[in-house]
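What follows is a pair of complexes built around chain A, which joins chain B in one and chain C in the other.
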Partner chain A sequence: MHIPDGYLSPQTYIPLFGVFVAAATVAVKKVKNEVSARNIPYLGMAAAFSFIIMMFNLPIPGGTSGHAVGSAVIAIIFGPWAAMLAVSVAIIIQALIFGDGGITAIGANCFNMAVFMPFTAYYIFRLFNNKTSKKSRISFSSFISGYLSLVLAAILTATEFGIQPLIASSADGKALYCPYDLKIAVPAMAVEHMLLFGIVEGIITAIIVNYFLKTEPSSIYALRERSKNE
Partner chain B sequence: MENKIPAYLVKPVADQKDLSETKGPRLAFLDKTILNSARAAKAIYVQAENSTVQSVIQKINPHIKLISLIYFLFIISIANRIEAQAVITAFIFSLYVLAKLKVFEVYKRTFLLAFIFGFVIVLPASLNLVTPGRIILNIMTFNKPSHFLIYTIPQNIGFTDDGFKVVLLIFLRILNSVSFGMLIVFTTSFPLFVKSFKILGVPDTFLMIITLAYKYIFILSRTIEETYFAFKSRLLGNIKNEKIREVISGRIFFIFKKSMRFYENTYNAMVSRAYQGKIILHSQKKLSYHDFVALFIIVVSGICIIYFL
Partner chain C sequence: MNKLQKKILIIMLSLCLITPIGILVPAFFNTGDAWGEWSAQTVRELVGYVPSGLAKYSDVWKAPLSDYTLDKKDKSMVHKSGYYLVSGIIGATVTFLVMLAISKIIIKNGK
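Entry: the complex of A and B
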């Protein structure tokens, strides 16, 4: 899911960076209102936690193991605005220190995984959860929010790849950035995420949310907000 | 001599299998987690260690380094000729030598990333299915071209000369971007580098969050490593995956609670130092003659690469 340097043209990464900056500015204001003066250490902690959550490998039914991107579970636990800042800080640190994801692609990666994915996951969770407190329903909502948000984010990423041959190729038509057009990039990313990575993300999201639900349900933002609205 | 060991200690228990004969638990996922956390802690440690080496590059002001990073990454992303990318590769390598970094160590990781993203993933693009051109290595021949949904399959499938050029260009672009990024980050103290984002208008609040997260990540990575080693050392015999998932979810929850405690402690420490909700980061040392020379070299190199190559 992390786009490396060299795959996106400046025509793509500069506007996406602009969109991310605008979204992050709104998120800083929103979170400041929610957690007041505590927002800085709180978000620092949330960012570290969203980075750390990607490190945990879990055995998945079927004999394999995997780790989550984490945006869905972070959005359910911390809320979409805090998740946006937390995941984007994690992505920035990953790009700068670990070389995971490109520096020029920071805006695009943050847009896909820190803006689009947490919001999609959060609202899908709320849509499927539909004001019920049943554990099985919450597990299912968590699974579906992790699954769908990752699949949709993967399709968005593939679209960014796929438009490169259309908007940034040489005079003789040769690709200068990602060489795969939409009809290759979108099916490839969509199929592998629908059949494998999405399921892993869904299962891990459900397992973690379940544990939080069993141990300390009040720490789950999505459920807290729901009971506030009732 | 009479054996005085009680009989119940000598006699094997009927339903107890010899532990050496039982299959060990599948620990790959545990090792992966330990490896991930150790890698994170090591990367932060190596970065901090390299940033303290005394050399010409390390002395450059972080503001200049940030401007150079943005400018040069832009140059790398718009240099569309293989020759230009090759010159950039040589230029960056010379900067590594100047920086007195462990060139082999850094390039090992850089080449791995460039190999995966710039070669393995992109190689199929050199087939005539993606990049048309003169076939220089034929792989498959059919009786006639065919169509499948929105795809056209030509009579001959093979690697094209233009396709190889595309792969080489993308490989070099990724190699150069990653190696230049690492050069700048590895030669600068991370908190100082983050502070330099101020010149781009990034709010102090956001910079403080990055700095705090960076420190928390280091501490939490160490915690995960230790708890996983302890967990692994207690495992004996087969454990159901369901049970393992339960235990790991517990570890994640433990890390969450520990993070919450860190956050509360940090907040209390900040309040005790008169924090009232506003963050003001102090500006860094002033620019020197040395910094302007460095900036000039980078700017002129970029212009030359774009105009002359």
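Entry: the complex of A and C
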């Protein structure tokens, strides 16, 4: 899901960079107000976790490879704003040091995996888990949150790829950037994330949320926020 | 650092040590790049031409450990695994420290 340099036109990556910077500015304010100092080490670990988990490429035999992102579990446990900052750091370091994801696409990649995905994950978790604190229900909501947020982020990424031939083609009809349109990009990325990578994201999310539920239930952001509303 | 944090660090360190799985398993199944992450050369093979914008921008940045390796021409899976493992440890450590520093700056200035 890491868009490389050269696949997005400036008309796409510049606005997305702007949106990302605006969102990150809000995130800094939110994290300042809602994260306590004792959680600082956790945020470092969350960012490193996201980095590591993205290294585990999984194959779809006969097709492509891909990976989980870790945004969903970070959003549930530490909140979507903290997740935004943590996953952005991982993505920016991947781009700068390892060339994984483009420099020009940093805004787009951060928007997809570090802004859109944690918020989607967080609200899906809350939607499926609004009243009961039953363990099985929390595991189920965590799985769905991880699964759907990764699939939806993949569809968003595919949409950014797929609109390129429409907005940036030469006079002879050749694409200037990503050559595949929506009809090809969206099904390709949606299906592979639905079949495999989303399931892995869901399982990871459920296992880790479960673990925190057992050891430090009071630290789970999504459950704390929920009880505030009751 | 509390007990849980220590435990998480140990688990993450163990994950770092098995990162080569992330290139060995896809190689075993002979799967290609992730969708949309092809090199300009691969795009030429796929669609018959390299889009001009893609050609212009695809090499705009020379990352020091590009593709999680020091030597892209080295095809040995053992060497690749070694580079990948070291990349994982470097990347995870740098990410951890950068996020730790950012969080400290943000949160200490807060309440």
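Just so we're on the same page, the second predicted complex is superposed on the first by the 199 of 230 C-alpha atoms of A that agree within 3 Å, B and C clash if a C-alpha of one lies under 4 Å from a C-alpha of the other, contacts with A are read in each partner's own complex, and residues count from 1 in each chain.
Basically, a residue touches a chain if its C-beta (ideal position, glycine included) is under 8 Å from a C-beta of that chain, and two chains touch if they have at least 3 such contacts.
Nothing here was measured: the structure is a model prediction, and the numbers come from that model.
By the touch criterion defined above, A:Thr157 reaches chain C but does not reach chain B. When the shared chain is aligned, chain B comes close enough to touch A:Ile207, but chain C does not. When the two complexes are overlaid on their common chain A, residue A:Ala24 makes contact with chain B while staying clear of chain C. Contacts of A:Ala90 after superposition: both chain B and chain C are touched. Of the two partner chains placed around the shared chain by superposition, neither chain B nor chain C is touched by A:Pro217.
Using the contact criterion defined above for the overlaid structures, shared-chain residue A:Gly102 touches chain B and also reaches chain C. Residue contacts after overlaying the shared chain place A:Leu176 against chain B and chain C alike.
Chain A uses residues 4-7, 9, 28, 32, 36-37, 40-49, 51-53, 55-59, 61, 65, 67, 85-86, 89-90, 93, 95-99, 102-104, 170, 174-177, 179-180, 215-216 to touch chain B in one structure and chain C in the other. On the chain B side of its complex with chain A, the touching residues are 26, 28-30, 32-33, 36-37, 39-40, 43-44, 47, 69, 73-74, 76-78, 80, 109-110, 113, 117-118, 122, 125, 130-131, 150-151, 162, 165-166, 169-170, 173-174, 177-178, 181-182, 185, 190, 193, 203, 205-206, 208-217, 220-221, 224, 241, 244-246, 248-253, 255-256, 259-260, 262-264, 266-267, 270, 275-277, 279. Across the complex, chain A meets chain B through its residues 4-7, 9-10, 13, 24-25, 28, 32, 36-49, 51-59, 61, 65, 67, 77, 85-86, 89-90, 92-93, 95-99, 102-104, 170, 174-177, 179-180, 183-184, 207-208, 210-212, 215-216, 219.
On chain A, the positions that touch chain C within their shared complex are 1-7, 9, 28, 31-33, 35-37, 40-53, 55-67, 85-86, 89-90, 93-100, 102-104, 157-158, 161, 168, 170, 174-180, 185, 188-189, 192, 215-216. Interface of chain C with chain A (complex): residues 1, 4-5, 8-9, 12, 15-16, 19, 21-23, 25-26, 28-29, 31-37, 40, 43, 46-47, 49, 51-68, 84, 87-88, 90-100, 102-104, 106-111.
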